[in-house]
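Chains: A, B and C, in written order; residue numbering restarts at 1 for each.
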Amino acid sequence: MSTERTSPVDAATGTIGNGVSYLRTKLEIFEGDRLGQIGLAILAVFLFVGIFARPYTIEFLNVTIPGLAPYDPTERAVGGRLEGPSVAHPLGTTDMGRDVLSQLIAGTRVTLLVGSLAAFMAVFIGTNVGLISAYFGGWVDDTLMRITDVVYGVPFLPFAIVLVAILGSSLVNIIIAIVLILWRSTARVIRSQVLSHKQRPYVESAQAIGAGHVRIMYRHILPNVLPLTFLYAAFAVAWAVIAEASLSFLGFGDPNMLSWGEMIYNVYTANAIREAWWWVFPPGIAIMLFVMSVFFIGRTLEKEVNPELKHQ
Amino acid sequence: MEMPEDSTTRRTVLKGAGMAGVTGLTASLAGCTGGENGTDVDGADELADEVPEIHLVAPTAGANPFRNELASAIEENWEEIGFEVNLENLQFNAHVDTVVVEQDYDASLLGWGGTPERIDPHTFIYDMHHSDNTQQGGRNTPGWEHDEYDELAELQVTQPDREERQQTVYDAQEIIAENQPRTYIANEGGYHPYASARVENVDPTLGEGLNSFWNMISATPIDDDDTVRFGYPSEIISLNPMQDLATPDRQFVRLIYDQLFRIGRDGIPEPWLVTGEPEIEDGGMTYTVELRDDLTFHDGEDLTVDDVEFTYELYADSPTYGGLVEVIDEVDTAGNEITFHLEEEFAPFTANVLGQVYIFPEHVWGDVEPEELTDFEDENWTGSGPFQFRDWERQAELQLEAFDDHFETPNADQFIRIPGEDTSQLVNDLEAGQIDMVGAVPQPTAVDRARDDDDLDLAEFNAVGYAMIEYNTRREPFDDVAVRRALSYGVPKEEYVEFIRDGMGTVTHTTISEHNEFWHNPDVEEFTEDLDAAREELADAGYGWDDDNRLHYGAE
Amino acid sequence: MGLRAYVVRRVLQLIVTFWAFFTLLFVLFRMMPGDPTSMFIMDGMTPEQREQRIAELGLDQPLYVQYVEYLQQLLTGDFGQSFIYNDPVIDIITVRFMNTIVLMGTALVIAYVIGIAFGALMGWWRDSRFERGGIIVTLMARSSPEFWVGIVLLSVFVFWLGWFPSSGMRTTGGELGGGFVARYGSLDFLHHLFLPALTGAIVYLATPTLLMRSTMLDVLNADFIEIKKAEGLPERTVLYKHAARNSILPIVTVAAIATGAAMGGSVVIETVFNWPGMGREMVSAVNQNDYPLAMAAFFLMGSVVIIMNFVADLLYVYLDPRVEYE
């Protein structure tokens, strides 16, 4: 075994390091790109709201950072039944007298959680599958690509509904359902990228000096396809958020983690869409804005990554 | 039944009261968390193990938004008492499977429907609480066993005298209340909305509201297309009376097929295809009825005693419904008279057998083998009921038309049933003028809208069935009556009816609804929300609390 | 490898994919809690009736027996009997499938026709206010979940303006059945179709628009435009010809894949507008543990996706001779 061979841990650290430095240099790409800047700004607001949605208590300092949500979002009757916006409740109340603004703020955290976790895991799996598949070729490639084909055949919502029926409606299970479907597109795109990189001279020279497979894959090839991975991560965030919202809207969401999709589902089951515009529009607009901000950022990344690359 | 105006005022008052009650509750909760134990109740000094976590199974918001909301209120209260609660929300099928079939639960929030056949107390007293019915899928889901109770449940079946039977049913209810195998929460009556601008003469009845048979033959279209369009939040599965039928299916099967008796508006069986009350002889062992002589099937053939005799034989052979008629030993006919000889006394015979067996045309069903019965497709669904089948496209509409040769011709020439995705959707359709009636209780917001809409009105009805919590008495600590009683004190029944359901329905403390006046025992022990009483109940039974307000077994 | 060999190989792969897909479905559905009798239990089914029903449905058989039987059935094109409705699944599902296809097909056609025109214009007027506004509008549409678009349209056009019916596929009380034209050709049907189809069209609009725009930009940047112009052809004709030629390949591939994806997404639109389609049927079948019906619906939806992907691959090879068969 060659001493040159890097452990996977080192490779992973290196990858993350590369990623960070990549991001740092590439933040410059937002200069002069109005939409990209707007996207970053909106995302930053959502991040802030999501992180500080609920109070934090730091035990050893004995301080509590107050949350942004003025009320406990699940507490009944903090206001009257189905009241329009007022000073006490800027976005009005629900049919059970809950505070809509607090629900909206709490929902931000769920959205961020689903978006980031699902996208990270899906892109992680997808990139690895694509990399391994293309690098080794042969039966490995065949097997992995047939699996990808099958997954491509699975329509997301029906699949997620069945999976949630089996495992129960929890946020974790919803993220699992999303990840199980979402990795497929990253896998295909990364595979075709790696296929072309495999032929390039730098891979051959790495092989010539006796570098191991893992090293070549993760040290030499990966950094070159990483920009594409980031782009797909952005799309994955958008897709995951919409997927979770749709699933929640159909009534298969996690009842303990109130998300924006679930808020709309609640207005719908409360049969209040006609009158309670203050309850139905904020979560809908929030979903739209959040996903839009991600797309704006994605566009900027896309231009940089590959001018020829088309939207998915 | 109250006039709509009265009910509006009553509701407004109650709504105010409900809100006040809730605010009070919130305040008291806040008080509780401040103190060490929250109350003056001291439990055992020496503590043993923690009382295990309660696995509470409840419906999802989609399956039942009201009960879903109630479940979280119960969870909060029980945790306040000192239990650890693991609340699991399940879809209806998974819920029934987990709780009723697999019996793998600690506590479960479900409803038990009050169809007209259940106005007779037999189902609620015997099926649901007798220890013979504790097997998987049985009605006695809690697995509750009580010898004295069993005797009463058996006794009432054999008492043809209504007054005597009433006393037995009263006594039985007292035992149930004391032992709380279930927490009986509320009879979930309410409103069914309809378009008063398009339909008149609606006739909501006990337990069923606008879904009642009487409403469907009474409803009269005002405009000239002579059609009533009826919306219900799920599709019918089959019109074959020999299949396993769900409640919505029965509501339409009974329009097309007749029974000898029908359950009347007040819950008492009335003669339908027969000329009068049954003649009961031999101490309740034989029932004799006389068939009307003006009966025909939809295809024009006469309905005779032979068809009746054939029908009861068909039921006896049916794998699905054999059980329904197994109490019948023999059926005799003489002229237009039919005599049923029973194997044993069965007090609810008229309601539960004569009122439930649909009469089939022998000339259509005569050659069907018993095992084919459930799969048999009669393209025209030939019955003798007041409506006849016209056409059906699943998930779209079922079309019926009036059968003019029936002795009770319905008021609408056409009756169309439209399955909706859910109640909200149907209310939207009602408001948009696409349907005329909805056979489901809408959310309070929609009720308020219907009240304000000049074209719409609300049909109020009371319920016989109820929402309940079932305790799995096969398991610790639910085998301890004190624990069940304490948990019952933790169920906010008032808040459920007045706030969550916005005044729709009535709180109950027993298995027979107060609206089922004759059988309802008004003097049973009552469990209203009272967390102090819950703690006292537990302290008296030797339980105690640790510093985190967690409930433990006592050390003795 | 020649084209023929490539196609043969892809067909073999397709069969393997189908088998794996089917097996996955079977396993998934058998893991679901509850059984088809659950919904009757609260309506009075006794434990004896329940056991008898389970045996009747063959659900007391070992799993592998059920698997083999179902696979054999499927190979003969038989989807079995619905547990709940007691009717052949194929009878129940054919109509639903058509309803979904008509709805989503209309939505996709609208989306692609408008999207292509809109995208071409955006590329044509590049760096204009029109283009920038267009991109924002397109991304906005793309960022909206289907149910959200549906609810907004419903609020505006039904609840507020009262222009369209709130749900369903036709006015009730009419003659049922009838042929394709009778079902889908009437004005009444179009009136019901408008909002749900528009919802789908808005959601699917972004992909062809953005694609067409970038194709247009590529063409505009290409050197040969200048050469052709030098040859004396009018700029508009050159652009039109080349933009069309260059965009066919990606548009067709993407459209094929979108058709597949639309099948899965139809469930949301069908729910919002109470459209009697297959997505809704599948969800209700899942809720009622009607495995044959739910599996058939799932299988058909998945098949559309798999076949559309397959078609996209073949088209890609067929339309673009530069692609290597590998």
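The criterion applied here is as follows: contacts are C-beta pairs under 8 Å (C-beta built on N, C-alpha and C of every residue); 3 or more make two chains touch, one makes a residue touch a chain.
Quick caveat: nothing in here was measured; it's all calculated off a predicted structure.
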item	value
Chain pair, B-C or A-B, that carries the greater number of C-beta contacts	B-C
Most widely separated chain from chain B, with each centre as the mean of CA atoms	A
Separation of mean Cα positions, chain C and chain A [Å, integer]	24
Computed distance of Cα centres, chain C from chain B, in Å	40
Chain A-chain B separation of Cα centroids, rounded to whole Å	45
Multi-chain contact residues (two or more partners), chain C	32-33, 159, 271, 287
Residues within chain A bordering two or more other chains	165, 268, 274
Multi-partner residues of chain B (each touching 2 or more other chains)	91, 94, 428, 431
Complex contact set, residues of chain B against chain C	90-94, 96-98, 100-101, 110-113, 115, 135-138, 225, 227, 229, 234-235, 237-238, 240, 243-247, 250, 319-320, 323, 374-375, 391-397, 399, 414, 416, 418, 420-421, 425, 428-429, 431-432, 434-435
Residue ranges of chain B touching chain A (in the complex, touch as defined)	19, 22-23, 26, 60-62, 65, 68-69, 72-73, 88-89, 91, 94, 422-424, 427-428, 431, 442-446, 449, 499-500, 502
Touch list for chain C against partner chain A, complex	13, 16-17, 20-21, 24, 28-29, 31-33, 135-136, 139-140, 142-148, 151-152, 154-155, 159, 206-207, 210-211, 214, 218, 250, 260-261, 263-265, 267-268, 271, 279, 282-283, 286-287, 294, 297-298, 301-303, 305-306, 309
Chain C-touching residues of chain A, taken from the complex the two chains share	35, 146-147, 149-150, 152-159, 161-163, 165-166, 238, 242, 245-246, 249-250, 261, 264, 268, 273-274, 277, 280, 284, 287-292, 295-296, 299, 308, 310-312
Of all residues in chain C, those that touch chain B in their complex	32-35, 37-50, 52-53, 56, 84-86, 92, 95-96, 158-159, 162, 165-173, 175-177, 271, 274, 276, 280-281, 284, 287-289
